[in-house]
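By written order: A, B, C, D, E and F. Residues from 1 in each chain.
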Amino acid sequence: MTAKDQYKVHKEPFYQQQTNEVTLYEAAYAARLPVMIKGPTGCGKSRFVEYMAWKLNKPLITVACNEDMTASDLVGRYVLEANGTRWLDGPLTTAARIGAICYLDEIVEARQDTTVVIHPLTDHRRTLPLDKKGELLEAHPDFQMVISYNPGYQNLMKDLKQSTKQRFTAFEFDYPDAQLETSIVAKETGTDEALAAKLVKIGTTARNLKGHGLDEGISTRLLVYAATLIKGGVEPRDACRMSLVRPITDDADIRDTLDHAIDAIFA
Amino acid sequence: MTAKDQYKVHKEPFYQQQTNEVTLYEAAYAARLPVMIKGPTGCGKSRFVEYMAWKLNKPLITVACNEDMTASDLVGRYVLEANGTRWLDGPLTTAARIGAICYLDEIVEARQDTTVVIHPLTDHRRTLPLDKKGELLEAHPDFQMVISYNPGYQNLMKDLKQSTKQRFTAFEFDYPDAQLETSIVAKETGTDEALAAKLVKIGTTARNLKGHGLDEGISTRLLVYAATLIKGGVEPRDACRMSLVRPITDDADIRDTLDHAIDAIFA
Amino acid sequence: MTAKDQYKVHKEPFYQQQTNEVTLYEAAYAARLPVMIKGPTGCGKSRFVEYMAWKLNKPLITVACNEDMTASDLVGRYVLEANGTRWLDGPLTTAARIGAICYLDEIVEARQDTTVVIHPLTDHRRTLPLDKKGELLEAHPDFQMVISYNPGYQNLMKDLKQSTKQRFTAFEFDYPDAQLETSIVAKETGTDEALAAKLVKIGTTARNLKGHGLDEGISTRLLVYAATLIKGGVEPRDACRMSLVRPITDDADIRDTLDHAIDAIFA
Amino acid sequence: MTAKDQYKVHKEPFYQQQTNEVTLYEAAYAARLPVMIKGPTGCGKSRFVEYMAWKLNKPLITVACNEDMTASDLVGRYVLEANGTRWLDGPLTTAARIGAICYLDEIVEARQDTTVVIHPLTDHRRTLPLDKKGELLEAHPDFQMVISYNPGYQNLMKDLKQSTKQRFTAFEFDYPDAQLETSIVAKETGTDEALAAKLVKIGTTARNLKGHGLDEGISTRLLVYAATLIKGGVEPRDACRMSLVRPITDDADIRDTLDHAIDAIFA
Amino acid sequence: MTAKDQYKVHKEPFYQQQTNEVTLYEAAYAARLPVMIKGPTGCGKSRFVEYMAWKLNKPLITVACNEDMTASDLVGRYVLEANGTRWLDGPLTTAARIGAICYLDEIVEARQDTTVVIHPLTDHRRTLPLDKKGELLEAHPDFQMVISYNPGYQNLMKDLKQSTKQRFTAFEFDYPDAQLETSIVAKETGTDEALAAKLVKIGTTARNLKGHGLDEGISTRLLVYAATLIKGGVEPRDACRMSLVRPITDDADIRDTLDHAIDAIFA
Amino acid sequence: MTAKDQYKVHKEPFYQQQTNEVTLYEAAYAARLPVMIKGPTGCGKSRFVEYMAWKLNKPLITVACNEDMTASDLVGRYVLEANGTRWLDGPLTTAARIGAICYLDEIVEARQDTTVVIHPLTDHRRTLPLDKKGELLEAHPDFQMVISYNPGYQNLMKDLKQSTKQRFTAFEFDYPDAQLETSIVAKETGTDEALAAKLVKIGTTARNLKGHGLDEGISTRLLVYAATLIKGGVEPRDACRMSLVRPITDDADIRDTLDHAIDAIFA
């Protein structure tokens, strides 16, 4: 299996288009413009990128960014072997070589300045200098850079630099509207639409509390968890408490408010 | 002995169900949903996970999280050997390979951003990218992710990110009620219920002081310590001072208050 | 291919002179004076350096600076090989050896004190002490040092030291004026001047918001992105939202203001 | 000599019981309960642990904790050898293997989160996961965990976590009362009781200044130093200034107060 | 070529004495007293040291200090080779061995406490303990320690410790007076004195703004840059803007003030 | 030459007793009590220790402490060699093995918690656990621990812990009185007493400014520098400015005050 095959998305991911984002992404990819996906936790950003990689039939290399990630983790390093050292490409370098879509998930988690290594890959140069190897890598024509970004997290300490932001076209995601979300929950879990609609209603209640004691609303993912547990035989109120409330808050008042909403809906 | 066997819980751990948490956990496991156990120190979170691993007959790999833990400590690293380097799986990777329950104890102790390495294992992907090895590991069908979390500790600097929280179903634990706790203390130490009840009464007194000079109440574990010492021949008041008071406070007033409570109960 | 050839700029980069900066740079290069290019994000600083390297027919070695960059990353280090260690020149050393223009992009990102390694290369000495190798390298007669610097970013924590600044002659760049920028956007993307002029108008609107809710205005690069997408068939308003607005702001008010400006211009 | 022998305390340490702490410790050891020794500097905490190890005839492994101590320093690490790497047990692991008392001296000096590695050794599990070696070590039946802790130092930044505290039974030590301390000083140095009593009187004076310009009182250890010097022929006032005053304060007023007390007592 | 020869200054550096500093330095060197050179950026501190090394015909080893510099970078370290490790002297050790003048440029940039490694070389001991090598190196009779120091930079966080300062004799440098500076600029660049005088006048204007919006005045070095560019055919006002103004300020008001001064002088 | 010989002080250091400190030190050494030398910069602390080592005919191992010093730098570490790793004793371990006086100069510079490694060597145990080597080293009977400490530097961030302080007897040093200091300066430099007295007078003036704009007074060492330069032919006022004023202050007022004092004394 070639590296290219290993990173192909072989099965169509479950994805429902919200507006015309698939067409717009295709246009951005056609010009190989870098893409930034903005949006709250669990609204489907990663799923969308995976879907696009499948649709475009390109390999996808995903990197979950974290604060300890160094430029070497992205670009590569020498590893020691029996006969001295061997250069090992990092995921960014691999993507640039084989022509993959390189997806840096939650990029603001990375040290702000580590992100500058992607700069020469995201302007007209499309090159990656491997300083430690003394190589100037020209990106494969199929290579594209994609990053995700949750504006809700940003603060003075952690934000993308303008010189990074201004290298990307951007998509702004949000939770799907009630009808679409109901359909997503029902289809993904195989439950009926009536149950899914009830869960989406709880989700809407919680999202209205965002900024009033909740940092984030309930994600579509958690609604899917609840539907899954109910389908597996758990009493709906138990399933909702365990999937929709306990994970997102430690505050007794918020918890009670949400528990009451659940009781009302599943009365 | 295979790795799987090494991590099996061979003896049934002592565990008394509080409500329907065992059934709910089984449902979460059946869908392989990630689980978060919330609750104060010493209320039995780790014991519960151990019990469930025993009941489900699955290997359990526990990692006590700490601030110095890096992503490599979880995922693995190259170690140098006579014939060059060899890859060594970390506990998270081992768990994903052999299909164990991977339990990250006190996860908020870990660097917040190190926790992002568990993300791809806790959504529909169920994969773990081993970037340094160039491998994309698909989790074994039996693999499940479990974390524990003490809401009492959280502060602005140390809390789980919403994008992590929203990947888990959650159980909220508390100290058992007096009757159940009495039974636990008596059964685990082999002391009579009358003595156990007295100790539980002291525990209740201390828990009421939480937030009024005490950071945490007396845990069930400490009650068990006191009972053990008394059973071993130590005078009850000495045993209580040494097990229930001295460990949890340096404050002279709080200490005296608790000492008086002990004297009153064992008068 | 020699190292010198590898770093030559083989194709003339697209560059339109703003005033007499090309002549002035040539004079600075003739005396081998170090050069600092100041200006906002995406105004063409890197492109200018690339153009000059092409025009002067000198190799160009670019280093994207970042906070984790150590002096060793610039100067070089010993790497372990089968027969012990081998010295590997860093990009700064390579440039000094082969007589390249060494361009440190976004130098203020580097640790302030790491930048002192360039001092002996930027005064009358034109030497680079390789302390770890015990070599005192005299720079090739063609070597020149160039740095870029975005004054908009500077703060108390991150600024160049005077002892560094006072080793450079400086060029101050800004966005090109409307007519020139229109011509740049049209020529670089092959779109007509009327469309380009509209995009430049949106750019001007955004730049007026700098300091009133926007950290930076829209760069020429983003205008080129929008023109590219429109040329690729995307509806102009979609292309502008995606290229000019979403990347640069998370603020709902600013976003709406810019969206309205787009609607007005493409009505 | 086996490792067990190497860590045995071969000579009875000089120790005078204060109340019933020896009996209580024996009861804690009999149940293998973890023990925490609290008390001010130099009051005999380490000596007590050493004495108990001698009395119980168990090996004792002492670790002086410090801020740079990592979990690996306690648990062990791979070291490079001629034929690749070899695992080297750390002191905690050695203690757990051979059944020693493991004494972590001044545990609050260690990074708070490093201390979590002792958790699985201090609850019902009595195991130590050697993640890097892929081994789950079960503690030897004789193994016991002991820590020391000086409440006077604690502050918001450095304190034991409740989840650590609640794993220990605790002993609270203080300076011995005047009569006992006189006897200790006299017996340990071979001086007469009259001289020892004078020194203890100076110690009492200083301890009353604690919190009024002195961080800590004069420890029994320093009284022993003074007696030793006097016995060696040094003039008592010189010996006291040098042993009891100069080490503990840089404040001129406090110094003069204590010097006058010394002059008065040795007038 | 011996190490000694490699570090000799082979060509007389251009240097014009300001007062009697050359004689005083010779006296300090005769007694091998350590020397500290204080003064603002670009006033000729490094040039003076180079000149003295040339005049005394001693090797000169210069180290540009930076925050990341460790004691090992100065003293030396073991490097790995085919047959194990080999000790590599650092520049300070080399200087002490061969009898060079060791010049630590901008010493306050180094970590304050790293500077303590020079202590035993700067008192009556004149030794350097190579702890890691187990060697106590006695300095060569010709060895001398020189440091430079810019008092304008100092703040509470970065200053030399008194115990370091009090090991040095000190020279206080400033910009040369107008007449001398005119002569320096003219002689070094081969321009006529009239032009040089005009440039010095601009320099004086800028130095008067120090503390009123400028951190540092224009250095002699920048005046030499301007003269060089003018000699190379650049229009004087362009040359001055580019050499004297743009490098030292980002402030629009200061920039305009200086630009007007230039226009007035070159009207 | 044995290690013991290498560290012997072979020539009697120049030292003039101030009171009875030599006798008191001998008594402390006879009982092997740890010694702390307190006092301002350059008052002769290190010289005293060197003198005592010479007088007692014991090897002396000096370690200049710094913030980057780790416990391993004191204790030792494994170094890589052709045939694997070899343990290399650090200076503290060497001193304990061969029975040297181990002198930690400016101990408060070391990380506070690194200093705990000396604890077991400074109480009744007189042992040093080499955890990484698995060895428990018993100190040689001749071994003694000495530290120096400048109370003038201490602040909230950097001070010795009481648990460290209370392991030492302490000597408090100050600048010698005028008569003794005059004699020291004259004898050490071979100048006449009249000149030395004048220099001491300047020193006294400066010491009175301590706390009124000066952090530290002029040390005896600097007075010796001035006398040395004058003896070498430098004009006294030049010698004093360069040795006594410029090194210790950057403040123009303080500088002028001291310069006037010099002019008055050498009028």
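Everything below uses one rule, namely that a residue touches a chain if its C-beta (ideal position, glycine included) is under 8 Å from a C-beta of that chain, and two chains touch if they have at least 3 such contacts.
These figures come from a predicted structure and were not determined experimentally.
Chemist: Going by the contact rule set out at the top, which chains touch both chain A and chain F?
Modeler: none
Chemist: Nearest 5 degrees, what's the C-alpha rotation angle taking chain D to chain E?
Modeler: Between chain D and chain E, the superposition angle is 120 degrees.
Chemist: Which one of the chains is farthest from chain C, going by Cα centres?
Modeler: D
Chemist: Could you put a whole-Å number on the gap between the CA centroids of chain A and chain C?
Modeler: Chain A and chain C have C-alpha centres separated by 30 Å.
Chemist: List the centre-to-centre spacing of chain A and chain D in whole Å, with centres computed as mean CA coordinates.
Modeler: Chain centres of chain A and chain D, defined by C-alpha means, are spaced 52 Å apart.
Chemist: Of all residues in chain C, which are in touch with two or more distinct other chains?
Modeler: Residues 80, 83 of chain C each touch two or more of the other chains.
Chemist: In which sequence are the chains arranged about the ring, given a start at chain A and a first step to chain B?
Modeler: Moving from chain A on to chain B and continuing, the chains are A, B, D, F, E, C.
Chemist: In their complex, what parts of chain E are in touch with chain C?
Modeler: Against chain C, chain E makes touches at 3, 6-7, 13, 41-42, 46-47, 62-68, 73, 79-83, 88-91, 94, 105-106, 109, 150, 152-153, 215-216, 218-219, 221-222, 225, 228-229, 232-234, 238, 242-243, 245-248, 250.
Chemist: Which part of chain E faces chain F closely enough to touch in the complex?
Modeler: 20, 24, 27-28, 30-31, 33, 36, 38, 70-71, 78, 80, 83-85, 111-114, 116-117, 119-120, 123-124, 129, 131-132, 134, 136, 151, 154, 161-163, 165-172
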